[in-house]
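Two complexes are shown next, each including subunit A; its partner changes from subunit B in the first to subunit C in the second.
Here is the complex of A and B:
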């Protein structure tokens, strides 16, 4: 019962969605609308579960005073601050438990949640990702070492796309006459993006979609059941 | 007062920017602190966003305004609570019920979406007449599109060992994939560099007012 009912539920939910695609009329259309609403609600709770798991892991490290526990405490405090200010005064147009918070907006200029988002979360995430610009340079060195014909192709297309998307690249090949403008770096970069790149991306998409369709069918038919966990 | 708080916000942003960039020297307490604050703030943002964007409009607001008319919503609410029982080892099997609905629904959605947009649409888009245009570069491009797609798909066919003459289309597929990976790499580099320029602009313009 602990395993069979979930398998039946997954089968029915999947079957209903597929049938409604081919019979988009009542009662299937209504049932699918309801199921989609339920899906949003349950998926929302599953994110809450993920965050609760993160907090539990941090709590364990703090309570056992594991190495660097202070940083985990900072994580929990940051989480609590964001949740409390979001719950009290809301976000963007959404009111919180204390309403829209006009008083605090007149003091901060915006809602505390939005203030923290703009001045802490945005700089942190943008800097974290921009940090990769430096590491990608060392990755480029390793990737661009010309060992084989394949790595040669990778390097040439990367260099053309990088230069073709900058003013420097345009300047480098601007002397090429209009009759041979195909060899100008921006035009060449566009060509690579439009044809060989699209071809390869299409091959990846087609192959991946075949794999996803296969595994989705396995889940709906109950062949793939690893998501249920152990036998307990 | 908002002006002062705006300045405080900019200094806060500058501190976090430097704290993250300090990792370029080596791992240090400032980076570790900023990293954990980033995780905490992101998680908090995610929770509040889910509450206001998904749970409030679809569940709590409806139940609060018309409880009797939305009694059916108590089912997904109960399933949602059952999902959280995964945290309690003794009753974690209860979470299988909501999980199976989510998995079953998302598997069907993925199946239909990938079937339509990624399989049928992409195969149809490849079935073109390469000689429909008079521009030589477009004819070459269209031929590349057809050959590259077929050979690329063939490369991912692992059910039979690719040897002898069967290895040739696979090799051609690899060449196309390499060109694509190079182009994607180039695009990623450009995106990261533009983020870096954005942070430097923030420091030099908003924080230090050196550039206008």
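Here is the complex of A and C:
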């Protein structure tokens, strides 16, 4: 019974959503609107769950002094600082427990939450993402080696697209007359992106969509039950 | 020197070269121009052809990590919409989206042409909602039900530009600036495919190839901005020398360096293979 009720609920909700796509009128439209509202409310709770999980996981690592526990401590301290300054003075136009914090704004130029967000989180996040470029450069040097016919094709199209996406590529082939414009690197790069790439992407999309339909049907019909948790 | 040490040194050289390739063009701009691609022009035309007074929506579906690629697109599109007398709504399917939107409006207002743009009249920031595709679906029924207040807590009814907006069909265009899921795909599938509202979008360069199939005869996606290059093309179209244009030189030089590194890597492997073949020949002899 404990497992059957969720299965029945999933079946009914799934069936309702499918029926409403084909009959978008009352009572189905109203029922779907209600389900959408429920979904947004339940999804809101996932944020609370995520925060609780973050704190629990980091607390465990710190209390057991696991490897690199200092980083976990830094994470918890950063979390606590943002929550406290956000709660005390609010963010943007929203007031906090101590109001708008005019004195601090006159000193920092912004509210402490916004100041920390703009001057710590934004540059740190951008730096983390930018580090990818260094790994890509290093990987390209070590791993992008021509060994087979297919890797040759990949290399040629990569060179055209990379060069075509730079100002240097535009400059390099700008001398080619307008009648032979197709051979200019940016145009050639656009051609590769719009035709061979799009054809391959469509194939991937269609296969993925068929897979999603299949797995959705399995969930609705109760064949796939892993979302219920447990090992049965 | 062991193979491992040599590999570490090589890696450090690669990192240093890339650091220089990015830094030098930022300090000493080269000024390479770039050609506007058709998909960027489509996106530009969508906003350009919308009549004054029309309301467009930009969904800020990214966070601080991709700010370098996405923010210039947002600022350029806001400035473009404002220059055509349109109003802009900002929403977000990502938690950090409202901050990204606030920064974009702030930056656009630094342009002397738009310093008088008024909150609630010319633009609003409705904030973040959880739920991804379901949120977009709910906007199809009622905007006010999903966003009874804006990101700062102002009531929907106190914002004059939203007075006549009932649901998603009241929008002239939608642009999702998306760095992943939820994002552009959800807007295409619901806003365009169900409600027939024109949707355009911007993504990071690495995600752009995956969205090109949606730029098709059915108009699922009206143009696409893929990465910093597309942002710089958009800036060129609105006649602005913005951050994307400045950073494109650095990206171009970095790309050329990566090509050079690929060539060097291949030559190295080729030489190693030739030496191994020679050694085998000598052994056999």
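Note that in this section the second predicted complex is superposed on the first by the 204 of 232 C-alpha atoms of A that agree within 3 Å, B and C clash if a C-alpha of one lies under 4 Å from a C-alpha of the other, contacts with A are read in each partner's own complex, and residues count from 1 in each chain.
Going forward, a residue touches a chain if its C-beta (ideal position, glycine included) is under 8 Å from a C-beta of that chain, and two chains touch if they have at least 3 such contacts.
Please read these numbers as outputs of a predicted model, since none were measured by experiment.
*Asks:* After lining up the shared chain so the two structures overlap, which partner does A:60 touch, if you call subunit B first and subunit C second: first, second, both or neither?
*Replies:* neither
*Asks:* I'd like to know which partner A:209 touches here: subunit B for first, subunit C for second, both or neither.
*Replies:* first
*Asks:* Which partner does A:51 contact after superposing on A: first (subunit B), second (subunit C), both, neither?
*Replies:* After superposition on chain A, A:51 lies in contact with subunit B alone.
*Asks:* Touching A:37 in the superposition: subunit B (first), subunit C (second), both, neither?
*Replies:* both
*Asks:* In the overlay, answer first, second, both or neither for which of subunit B and subunit C A:141 touches.
*Replies:* Only subunit C is touched by A:141; subunit B is not.
*Asks:* Of subunit B and subunit C, which one touches more of subunit A's residues?
*Replies:* B
*Asks:* Jot down the residues of subunit A that show up as touching in both complexes, subunit B in one and subunit C in the other.
*Replies:* Common interface on subunit A, subunit B vs subunit C: 36-37, 39-40, 43-44, 46-47, 94, 117-118, 121-122, 124-126, 128-130, 133-134, 136, 140, 143, 155, 158-159, 162, 165-166, 193-194, 197-198, 201-202, 205.
*Asks:* Considering only the defined contacts, which subunit A positions touch subunit C in the complex?
*Replies:* 33, 36-37, 39-40, 43-44, 46-47, 92-94, 114, 117-118, 121-122, 124-126, 128-130, 133-134, 136-138, 140-146, 155, 158-159, 162-163, 165-171, 184, 186-187, 190, 193-194, 197-198, 201-202, 205
*Asks:* In their complex, what parts of subunit B are in touch with subunit A?
*Replies:* 1-2, 5-6, 8-10, 12-14, 16-17, 20-21, 23-24, 32-52, 54-56, 58-59, 72-73, 75-77, 79-81, 83-84, 86-87, 92-93, 95-112, 114-115, 118-119, 122-123, 125-126, 137, 140-142, 144-153, 155-156, 173-190, 192-193, 195-196, 198-199, 202
*Asks:* Along subunit A, where are the residues that touch subunit B in the complex?
*Replies:* Per the touch definition, subunit A meets subunit B at residues 2-3, 5-7, 9-18, 21, 34-49, 51-54, 56, 68, 71-72, 74-83, 86-87, 90-91, 94, 106-109, 113, 115-134, 136, 140, 143, 149-151, 153-162, 165-166, 182, 191-210, 212-213, 215-217, 219-220, 227-229, 232.
*Asks:* Any idea which subunit C residues touch subunit A in the complex?
*Replies:* 10-11, 14-15, 17-18, 22, 30, 32-35, 37-38, 63-68, 95, 98-99, 102-103, 129-131, 134-135, 137-138, 141, 145-146, 151-153, 205, 208-210, 212-213, 229, 248-249, 251-259, 261-262, 264-266, 269
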